[in-house]
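Two complexes, one shared chain (subunit A), two partners (subunit B, subunit C).
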Partner chain A sequence: MDLFLQALINGVMLGGFYAAMMLGFSVIWGVMGVINLAHGEMIMVGAYLSWVLNENYGMDPFVSLLIVMPIMFVIGYVLQLILINRVVNRPILASLLVTFGLSIAVANLAKLVFSADPRLTDTALSGAWSVGGVTFPVTKTAIMGVALIIMSSLYLFLQSTRTGKSIRAAAQNKQAARIVGIDINKIYALTFGICIAITGAAGALISPTQAVFPFMGTPLTLRAFTITALAGLGSIPGALMGGVVLGIVESMIGVYVPGIGTNLAIIASFVLLVVILITRPQGLFGGLRPHEEPAQI
Partner chain B sequence: MRRLPRALAILLALALVLVACGGEDTTETTQAPDSAATTVAATPTETTVGTTDTTEAMMEFAGTIRFGAAVSDTGRFAREGQDTRQGYDLWAQWLNEEYGGIKVGDDHYLAEIVYYDDEGDSDTAANLVERLITEDEVDFLLGPYSSGLTMSTSAIAEKYNVIMVEGNGASETIFERGFKNIFAVLTPAGNYTQSALKALADAGAKTVVIAYEDTAFPTSVAAGAEKWAVEYGMTVLASETYPLEVADVSSIITTFKALDPDVFVGGGHFNDALLFVRAAKEQDWTPDAMVITVGPSNPEFVTEVGADSEYIIGPTQWERTMSWETGWFGTAEDWAQRYEGLWGEPPSYQAAESTATALALHLAIEAAGTLDTDAVRQALYDMDITTFYGPINFDDTGKNAAKPMGSIQIQDGIINVVAPTEAAVADLRYPMAPWGDR
Partner chain C sequence: MRRLPRTPRLVLLVLLIAGLATMPLIPDWFPDQSWVTNSRLFSFTQMFMLITLASNWNLTGGFAGYVDFGHAVFFGIGAYGTGILMNHGWSFWPAMGAGAVFALVFALVIGWPTLRLKGPYFAIAMLGTFVAVREIVRVSKGLTGGGVGLTLPPYLNRPLFYWITLALAVVVVFIMWWIRRSEFGATLIAIREDEVGAEMRGINTTVNKITAFAIGAFSTGIVGGLWAYQNTFIDPDVVFFPSRTVELVMMSMLGGLGTVAGPVLGAATIYWMRDVVWANFADYHLMVEGFLLILIVLYTPEGIMGRLGDKSATSLQKVWKRNGKVPEDAVDEAVEQVTP
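Moving on to the complex of A and B:
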């Protein structure tokens, strides 16, 4: 029973990490229809910013969030304004290519600046709490907590503020949004900025638990892709639930299948993806974009 | 209003292209101080290092012997690839500027290394090695980093009958294919954990768990660990695999914690070492000893992991404190100081074995007195020398059968050799202290 509970806790923690990591990817896709292949690299940049602050000023990664997020917002805003806005209305291949190029460039730039040495940050929130035979990893619990705060803030922002409503309007119907006087370019830049800020924050959050290195991004992008498809584009409750479902599935298989569990868990997550894509193409929880029914002939 | 963003976009796009190209280039090879001329060949992604003008004043060279190597500059093995290149480049610089080139018969030849970035991908590496042989027409090949890439590239070397000497592919499977052109200076993977497990068994450890990445090298290490654990009277309680680029190992640690073993043996590459240490700490699991395959012997590991790296044990191909000494580069410590002087950082064993790789090939060419493949191969088989890196004596399959593998333990932030006893500079600390008491 303890083992089951432990696997469950591990799964939920993993899910919180997944949700925080893919939220920015999901919202960008949902609002603008851009699949950001440089997503993992944005996580990497956030993680490196946090490492620099940790290494030079001894700043805890959970504190450095307050600096990392504004910097990443500016990076995202500028990238959108000068690069992504130019391809957002083109066929999807254009934005795929641009963000793919961006991912290669950013990874190699990081290698020039930081070298290929893997890094870790130190946090005061480390170690473990034991509660009745079950161990709570302190760092991951804190990551889960911060991720929940970020997610609920974004949810409230999108639901209740004027700007948030404009973003949702732009996602639902761009033409209509334009007609009522919404500056689409500005809204897109704002969305991209916010999403990159969240993504950078995810990077800072995982920097004490994972090796930070220039080429860490690609597998993370792939993961974000899976969970987004599972959860529905741009849906925040979906991101959380999708992440947790995937986390628990992986953790249970990892613990209960001897020998090859961790390998099998990765396979399971992609099998789950295929099944969801076939049976519920809009994702488990729907999303920001209205689901387009295929045209009847 | 719209003009500025457009200009910026063009600038940014240009910058992106430049950086992307830069990634494929092997720019750092040009940083070698004192290597006066770095020849850049016609192909944009190729750079070479080694030929210098300064030495020609001192000695007449009959020509240049070209060595080819596909080594990671980007991708998963970027760090280890850099160590490998720096090891090769140190040899080339020493050879051309101090040693006086490779002596073939009565003539002296300069050495030149042609590099490509294999991006950590075995197919790319194989393609690049084919290109080195057919287009760049190199005379000999130096190995890439990692067993997987050595597997694929050595097959190409065999196909074209070009000799490849390597120092960074330790998996036994490389040498089980009956190839005639692959030689390795390093101790094979199966023996990686031997001295550590023997020391732990002597200290009273009874049970072992093993976790390994399911790729060539870690699989060989794990198979060896299982064999040696049984040999030294310990019981293997569980053995878990995990995939390349794993991001979370808490399931493995949870399973192991429930089994309560004395010794944890795990890992595949550097990043996994960080993951296992952090995961064990956050699951509050302290086995009596943790043996991690790659990572602990690298000085970077102590820097990044800090106090949590204490007590961690790792195998090492080479340490600068080891007592090997020869006429080439002097002692292990002499070589290490030369390396620090050139690259401004302490050497990892990957760098040491890379220099040893190039040195072995160079000495075989001199012994053969010709560039003929068959003669150099025979010279490699006949080789029986001791270098700063340890003894080199290839068996029939091309493995170095002569060199023992050491084990290190991190003690008060210092990497100390603790096994085998004849090379040890400190006693093994056992059992490990809980994570909280550091």
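Moving on to the complex of A and C:
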């Protein structure tokens, strides 16, 4: 029973992180209709930034978040202006291929710069609390805490600020948003910047617990896609639920299938993805956009 | 640019194929030349394989419009099927055939659910399939050797591999040309242009999509088997090479999606660039290819053949007229009223 409870808790903590990790992917898709296949690579870039700061200045990843996020915001803003903006209004295949190309290019660039060796950052947080036979590792709990803070800030930002409302308006009806005087290009660049900043922060957050290497991106992009499919486009509460579901599934498989469980986890997320896409394509919780048939290529 | 009339084009094509086919014999006939070496033959062999793979990808990705980010999974299954059976004492040809059949069966099994997904969902589901199969291969140590890989009996006859892959490429491109002109090909293009409309006109889109998918998978499985035998060593990372799918997408797009000659031109161009231009910068070539894909999508989404004004497209309407199955005008009107 303790084992089960432990796996459940681990899954929930993993899920909190997953939710923060995929939020950027989901919001970009929901607002701009762009499926960012370079999402995992943005996590990787954030993780490497955090590693560089850790290696050279001994900065704790939880502190370097504050530096990583602005840098990633600028990267996202510029990427949107010079690259994504050119494909936003084209058929979805165009943005899919452009971001796919970007992911390959960035991963291989990272391999050139950082080599393929896996890296870890050091954090001052260590040890674990034990409550009734269940352990809470301090690092993972802190990761989940920061993830929750990031998510609720984004939620408040989208719900109550003027810019946030513009972003939601652009997601719901681009033409109408234009008519009432919203600068769509600026809103898109801002959305992309914010989402990439969050994504980079997720990268910085996992750098102490999971090896950082150039090709870590693709499985993460796949997970982001799975959770988005579970959650519905751009829905933050949905993201949390979807992340926790996937986290629990992966954690349970890891515990109850000895030896090969970690490899099976990615298979599990794929099976979940296909099942959900076939049975409930609008996601379990609705989202930023009303349900629509996925665009034809 | 004007296209040559048909007969000179055919003559040129036959001359090109005949020239390529005699290339390995040149060292026997002219012993003092040094251009045709084993490594050059090897390099052409790779190019023929890529031409075949890109043509296969183009069948679902270009003709039917179902862009597939995990096509390399069939390559891997073909390679592993061949490798495993040869390690169990089979000889090459039956092992390769069985490997290709495995790829075909897998395509039927995986295509049945995934081909119902549209657009990006299908692309991602196939990318997921690709990653999942790679991990399954890595995990099943007893069968596949896991991460350590498998060694195949070596057989180093470069000219033979050259001829086999050349023949395969010619046959596959011919099949693509034939499909393109057939009712089946026109059906695939109708699915790409308007799947709902095609369905309303009584086309069984699922069967057609799965057929195209399975043909491509079978042929890719053959290439996988050949590649494994030629390379004599396979492991999950070599065979399920993530960027292989990117290359196929890129080659087809550079040449022109949904055209017959497109993947051939695209594969030859990109392979030549990599072999000649990037041979000295091996570390950079994947990075450059990623950027190249971006540039192609941004600046020539219709590809070389599209730029040349490819007219080989056969519309479904034409095929139906030829077969005396003209759809009633009333249906067209009804469709126009229903679709916004």
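Just so it is clear, the second predicted complex is superposed on the first by the 276 of 297 C-alpha atoms of A that agree within 3 Å, B and C clash if a C-alpha of one lies under 4 Å from a C-alpha of the other, contacts with A are read in each partner's own complex, and residues count from 1 in each chain.
We adopt the following convention: contacts are C-beta pairs under 8 Å (C-beta built on N, C-alpha and C of every residue); 3 or more make two chains touch, one makes a residue touch a chain.
None of these values were measured; they are calculated from a predicted model.
Engineer: Once the shared chain is lined up, is A:Phe215 touching subunit B (first), subunit C (second), both, or neither of them?
Structural biologist: both
Engineer: Check the residue A:Phe270 against both partner chains and state whether it touches subunit B (first), subunit C (second), both, or neither.
Structural biologist: It touches subunit C, and subunit B stays clear.
Engineer: Touch check for A:Gly127: first (subunit B), second (subunit C), both, or neither?
Structural biologist: A:Gly127 sits against subunit B, while subunit C stays out of touch.
Engineer: Touch check for A:Gly234: first (subunit B), second (subunit C), both, or neither?
Structural biologist: neither
Engineer: Is A:Gly24 touching the first partner subunit B, the second partner subunit C, both, or neither of them?
Structural biologist: Touch partners of A:Gly24: none, neither subunit B nor subunit C.
Engineer: Is A:Gly76 contacted by the first partner subunit B, the second partner subunit C, both or neither?
Structural biologist: Touch status of A:Gly76: no partner.
Engineer: What is the contact status of A:Thr135 with respect to subunit B (first) and subunit C (second): first, second, both, or neither?
Structural biologist: In the superposed model, A:Thr135 contacts subunit B only, not subunit C.
Engineer: Scan A:Gly243 for contacts with subunit B and subunit C and give back first, second, both or neither.
Structural biologist: A:Gly243 contacts neither subunit B nor subunit C.
Engineer: Quick one: classify A:Leu112 as touching subunit B (first), subunit C (second), both or neither.
Structural biologist: Both: A:Leu112 reaches subunit B and subunit C.
Engineer: Need the overlap of the two footprints on subunit A, from subunit B and from subunit C, as residue ranges.
Structural biologist: On subunit A, the overlap between the subunit B and subunit C contacts is residues 83, 86, 101-102, 104-105, 108-109, 111-112, 215, 219, 260, 263, 266.
Engineer: List the residues on subunit B that touch subunit A in their complex, please.
Structural biologist: 5, 8-9, 12-13, 15-16, 19-20, 22-23, 74-76, 78-79, 81-82, 120, 214, 238-243, 245-252, 254-255, 258, 270-271, 274-275, 278, 281-284, 300, 304-306, 435-436
Engineer: State the interface residues of subunit A toward subunit B in the complex, per the touch definition above.
Structural biologist: Its residues touching subunit B are 3, 6-7, 10, 13-14, 81-83, 86, 101-102, 104-105, 107-109, 111-112, 115-120, 122, 126-128, 130, 135, 137-140, 208-211, 213-215, 219-220, 223, 250-251, 253-255, 258-263, 265-266.
Engineer: Looking at the complex, which residues from subunit C come into contact with subunit A?
Structural biologist: 65-67, 69, 113-114, 116-121, 123-125, 127-129, 131-132, 135-136, 138-139, 195, 242-243, 246, 249-250, 253, 283-284, 286-294, 297-298, 301
Engineer: Which positions of subunit A touch subunit C when the two form their complex?
Structural biologist: 35, 83, 86-87, 90, 92-94, 96-98, 100-106, 108-109, 111-112, 215, 218-219, 222, 225-226, 229, 260, 263-264, 266-267, 269-271, 273-274, 277-278, 281, 293-297
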